[in-house]
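Next, two complexes with chain A in common: one pairs it with chain B, the other with chain C.
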Partner chain A sequence: MTNFIKDPVVMMAERNPDPVFSNDELVFSDQEKRLIERWKSQYPTVDGAIMRVLWLAQEKFGFLPPEVIRLTADEVGIPYANAYGVATFYTQYYKKKRGKHVLDVCTCFSCQVCGGYDILHYLESKLGIHVGETTDDGLFTLQEVECLGACGSAPMLQVTNGRYVMDLTHERVDALIDTLRKGKTPEFTSVTLPQDEDELGGNRRSDVKEFQASSPRPVSETVR
Partner chain B sequence: MAKITIDKTIFEFEGDQPSLLQFCLDREIELPHFCYHPAMSAPANCRQCLVEIGNPERDRETGQIMVDEEGNEVIRFFPKLMTSCSENISDGLVVRTQRSSDLVRRAQKDNLEFLLINHPLDCPICDQAGHCPLQNQAYKYGPEGSRFEFRKVSKPKHIRLGPRVVLDAERCINCTRCTRFTSEISKSHQLTIVERSVKNYPMTPPGIEFDEPYSMNVIDICPVGALTSEDFRFKARVWEMSSTPSITTTNAKGSNCYYWVKDNRVLKITPRTNMNVNEFWLADDDRLDYERFNDDRPPGPTVDGEASSWEDGYARAAHILGNVDGNRIAFLGSAHASVEDNYLLARLAEKLGTAAPMYIEHVEVGSGDDWLRTDDRAPNASGCARLGFTVADADLFGPRLKGGEIDVLYVLEDDPVSTGLCTSDDLHGVSVILHHYNESNQTLPLATVSLPAATVVETVGTFVNIDGHAQRVRPAKAIRGVNRTLAMEIGRSRADQHGTPFDRWYNEENLINCQPGWVSVPGVANALGLDMPTTNPKAIMAELASTNSAFEGATYSAMGEYGIRLSEIGETV
Partner chain C sequence: MEVKPTGQSKAGDWKNFQRVLLPPVKDLHKLEVYEAEGGYQTFRDALSTAKWTPPAVTEEVQQSVLRGRGGAGFPCGLKWTFMPPVDENVPRFLCCNADESEPGTFKDRQLMEYNPHLVFEGILLACYAMSIKTAYIYVRGEFADWITHMEAELEKVYAKGYVGQNILGSEFSTEIVIHKGAGAYICGEESSLMDSLEGKRAYPRVKPPFPAQKGIWGYPTTINNVETLACVPLILRYGGEWFSQIGAERHPGPVLYGISGHVNRPGVYEYPTGMLITDLIEQVAGGMRNGKKLKAVVPGGSSTPILTAAMIDGVTMDAETLRDAGSMMGTGGMLIMDEDTDIVAWLRRVTHFYHHESCGQCTPCREGTGWLENIVSRIEEGEGNIRDLDLLVDLCSQMEGRTVCALADAAAWPVRYTIERFREEFEARCRPSLVPGAEVMETVE
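This part shows the complex of A and B:
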């Protein structure tokens, strides 16, 4: 967000981009179609299903160029313009091609104070890219995001709209990148909150393997 | 009866009611608002129409309305302000608007400050300035200044959304009226709001052009200058033009409109609300149909292709008509001309012992839709039919001309050659008397006498639309020469929302040397020595309304600004 505050310019999106996918590629399989039909029946009006179908399309095609958005709209049976409005509203829908792993580093208030930017800059130098860019090998895209609701375990990041990696340190970031490079998904580590430790005897989740007990939050280098 | 109290005034109501905002507006209680439009759903996203709303408090045990020591009902107000556009009214409701509540005044002011944070304030170069709801309401209800000290967000500017509509995204306040228009009213689904928060703006999705035939309606409903007309951009400021209520004539719907005139040139056409005809809307064709009023106009009457005076034109026409047998004359009325003009033509034909005029049909199959455009591309075919005129048949008409059955063809405001009723060859040896609007009229080169006719923006008259709705037109601009009826009508009908008296209308530029049919047809008749008083159109309609059942009740006062629905032909009332 920092750049946008200094230089608040909204660029015009391209109005007639060349399609990325051919017509042959732009199809849902029978199985996907059945799934879509089921979702459509779960809402009072079919519009409701568009978010799930966009999600499905993103998993299938990797990202959502206009022709894919149009495909989802046709499949759900709503106007293309409406689907496009929804797809551009949510930043989690990727309108441009991203790296295999998208690292969404939180730099919102709590994470910022606890070193969100330190983590971001560490990743920038480690991966050799700037925020918003993708590594040459197409593996990583680095992004800055607003609060992801895990402030208690700040600083944190999210991997490709999925796994949260919390309580970040340089070592943890190194380990994360190694794991991802090996093609593995990082194990989810539950970081407990102070009150869990103090009052609830740990309050461990029964569905998670890895735990880390709450510790005092770090303080950003810049704040220090 | 149910009652509602607004700023201490009690209003009674019965039955279903619109939203609180509309209820207030209908009673001339102004509430500032942007996103609400009476024809569309209310998303309540601009937050400008906030009011305080309360209900009488009831005793929990008895269910009785509680009263204080002075006997007044105790009102429990909602803790937060409510948007009046999305509020239904119910019995006993108590409302405080900005007229009586400091809280509401403060909220409206703060809301406007927010709306203006990223607004470019480029009113000096904005087409909307002068009739801009944001400008007006900021002036009336807004803060004196802004406390925002950062750079405003820059967004895409002068983007052609389609061939006729230009977007300036910085001015947009994201009310979504334009996108709701395309999804709820025109159903073209060509617009959506893209992106989010300070970055959002209305746009077509990639690969789509905003080219639907009703696209320009979003220009009027946009409460700021974000959407402007490609055609009209930067041509004139609103306060430099006068606007006249009238109807459009590209088809048989007779959509109600305003003609905007500067220096006797029509510069733009905008819709005028008439719930019986076009509601709030106007087709793009109708809006862009103004150049023919300004350009391509004849310099004056001609006789044998030479410029002549009006008197000489009338005299020559009379000479031609007076020297042939009545049944060797053919009269063509016109679906472009008013009922009055056609009626006078019928009177002339009758006096000469000629069969009733026929008229040319201008149907282009497929050019219409189920909404405001009809296949019939002329405004008054119904009027002609109600006068008893029949449609001229090209299969019969050409051969009759060619066969030498007709010596004189008298054409009122139409073009038999370009419409294919006959060919130029067919007219060989036929004397043609032609009332015409434009120089490009293809019958004009063959006319013995040509009499330039006043167009719909220069005359007074009545048109009957495809549904039998009879409506008046009023002169939006002056013609050359003096005509008391026209001058009076111009003065009476100018709904100048912005101008001052005695400007623009009467400058001498761009005046066209033409005459309304109700002047020139009697002109010819009188030159023939026939008794046809040069009467005014109002008197003609009064006569028709009382003598011809097809026009029963269609007097000028009854038609007023919104017209009246005539009964079906043949139906007795």
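This part shows the complex of A and C:
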């Protein structure tokens, strides 16, 4: 089956794509370097810091092309191959450029039976893209993810590895897209413990503005 | 075959249960409030009273019969005794497992949001009991917001002198480091968590050697779940005896039930172990949504075998009863499904999860999870044959117990038991004949 063997030129190009960032851009600031040193000191060997440094690099550069991975490896002081291995193992590290906002819709387990796919399909039609794609304006990438540990507030999604937006309905999705289009970040939402609704009246953290009670949500018509 | 459980709630007077893991106190996540509520006093006592030697702390935890809340239910105190004798030249580690990725489980997140200091205090006491100088909290990367919150509180704890060198003027020193994961279910498995901490790809290791012998960087390590460690300060404060009296006899203590799915009030509830599943659905979680009928319950996260509505009658939430009823306690993350749920579609998504999350080290798991997904998808689309069901069960037998870690078993159980317990639904989706092409003959007749 020769068609399994790729053209070597194509293969090389895939492995060593043209760098996106110039050498001048590929530096960590002094403050970032201090952080990295601190992380390195927290483990018996420096290797332990690589995950944190990859996170830092992803926040700074948006994604992790090979030259950025090489930068993190050099900064931590481990072989490039090790850093590359780590960067390619975990799903939250982006090896390819994504949209400005990545919408990770949970369709797993509880979210599935509570309408996670409804939310996913609604977003597909609203943004005019399929799951896995990015809108033409580069604003949104839509992804389907596994359980995010917020099953009591299903269906839910996460915005770009950060904020959780829970108890989704079509209206909430519309509001979220509006907020993001305006360049704002959604508020951190605290999930009330149902038992607290009797005793504390709901919000048990006074430093959190938004909170969401565990109220029943519409049942999705199909469980897919 | 299946033993019918006794049908009595083992949770006693649960309606008047005083919450201890997540007590109703406003702003308990703040250090000042936590201290005002008596927090860190147990830890101070442990450091300053002659009674609380490290072995005495372990002894008390053993007395309490606290069992791990991370899924396997292993006795916590016993696990601590596996640590080798202290050797000043050999570092020892504690890992707090906050990877919480088992579908259906969302209790650790609530604990980190509302009572992080209880977790810190539990970590400190565990470190004290096992003479550990470094503790890592491995939090899944998706919990970025909660990591930020915890780091802010941890800084305050450092400033207060509860963590660091010569804590509160004693001989005892411990560092706590929060480690951020980056999205991989397998990192919850203890040996793969250790690889991930070491800055490697998270591949589970062959056991033995167990973490207590050869853990992170080859040094003795103990790994406990967040909720398990959060129980420790309570055990020392109120006594192991008190703890062992709560809920089911052989699996006691307060427990966080994460209830999700088709109920009126989903969420995390704190009650004793040994609650009747029917009580949890009807009285605690507000009953089924829209008055629908119950179809199935998954009692403890995606890998625990599914129970049909008929099977939960009289079953309580503790390891022994659930085992007799044909399932497991797991993480206590319960999924409740109503009569409209399409079980075949649901199983297809579960198999997709395990296929996606298999690390790929072992052939039975890497290939097996893929085939489970393929075949269940085929059945879902109406393209399956009846014999595919037996093929699936056979495939499960070939995966179980043949791999480095338990993910392969965790992937096989839902398939095996869902097919066993909802066979008619699967059969109804399959082509009726055994031989491909035979339906053509039938129509000719």
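Rule of thumb we're sticking to: the second predicted complex is superposed on the first by the 194 of 224 C-alpha atoms of A that agree within 3 Å, B and C clash if a C-alpha of one lies under 4 Å from a C-alpha of the other, contacts with A are read in each partner's own complex, and residues count from 1 in each chain.
In this text, a residue touches a chain if its C-beta (ideal position, glycine included) is under 8 Å from a C-beta of that chain, and two chains touch if they have at least 3 such contacts.
Being a predicted model, the structure only gives us computed values, none of them experimental.
Touch criterion not met for A:T169: it reaches neither chain B nor chain C.
In the superposition on chain A, A:T179 contacts neither chain B nor chain C. In the superposed pair of complexes, A:N82 makes contact with chain B and with chain C alike. More residues of chain A are touched by C (comparison of chain B with chain C). Touch criterion met: A:M11 reaches chain B, while chain C stays clear of it.
In the superposition on chain A, A:Y93 contacts chain C only, with no contact to chain B. Once chain A of one complex is fitted onto chain A of the other, the partner contacts of A:P66 are limited to chain B, with no touch recorded for chain C. Where the contact sets of chain A with chain B and with chain C meet, they give residues 82, 85, 89-91. Chain A makes touch with chain C in their complex at residues 42-52, 54-55, 76, 78, 82, 85-86, 89-93, 107-110, 112-114, 146-154, 158, 161-164, 188, 190-196, 199-200, 204-207, 214-216, 219, 222-224.
Contact residues of chain B toward chain A in the complex are 150-156, 159, 169, 179, 182-183, 189-196, 198-201, 203-208.
Contact residues on chain C toward chain A in their complex (touch as defined above): 19, 22, 24-29, 91, 100-106, 108-110, 113-114, 140-145, 175, 177, 179-185, 196-202, 216-217, 219, 258-270, 285-286, 289-290, 292, 302, 333, 335, 337-338, 340-342, 345-346, 349-350, 353, 356-357. Within the complex formed with chain B, the chain A residues making contact are 5-17, 66, 69-70, 79-85, 88-91.
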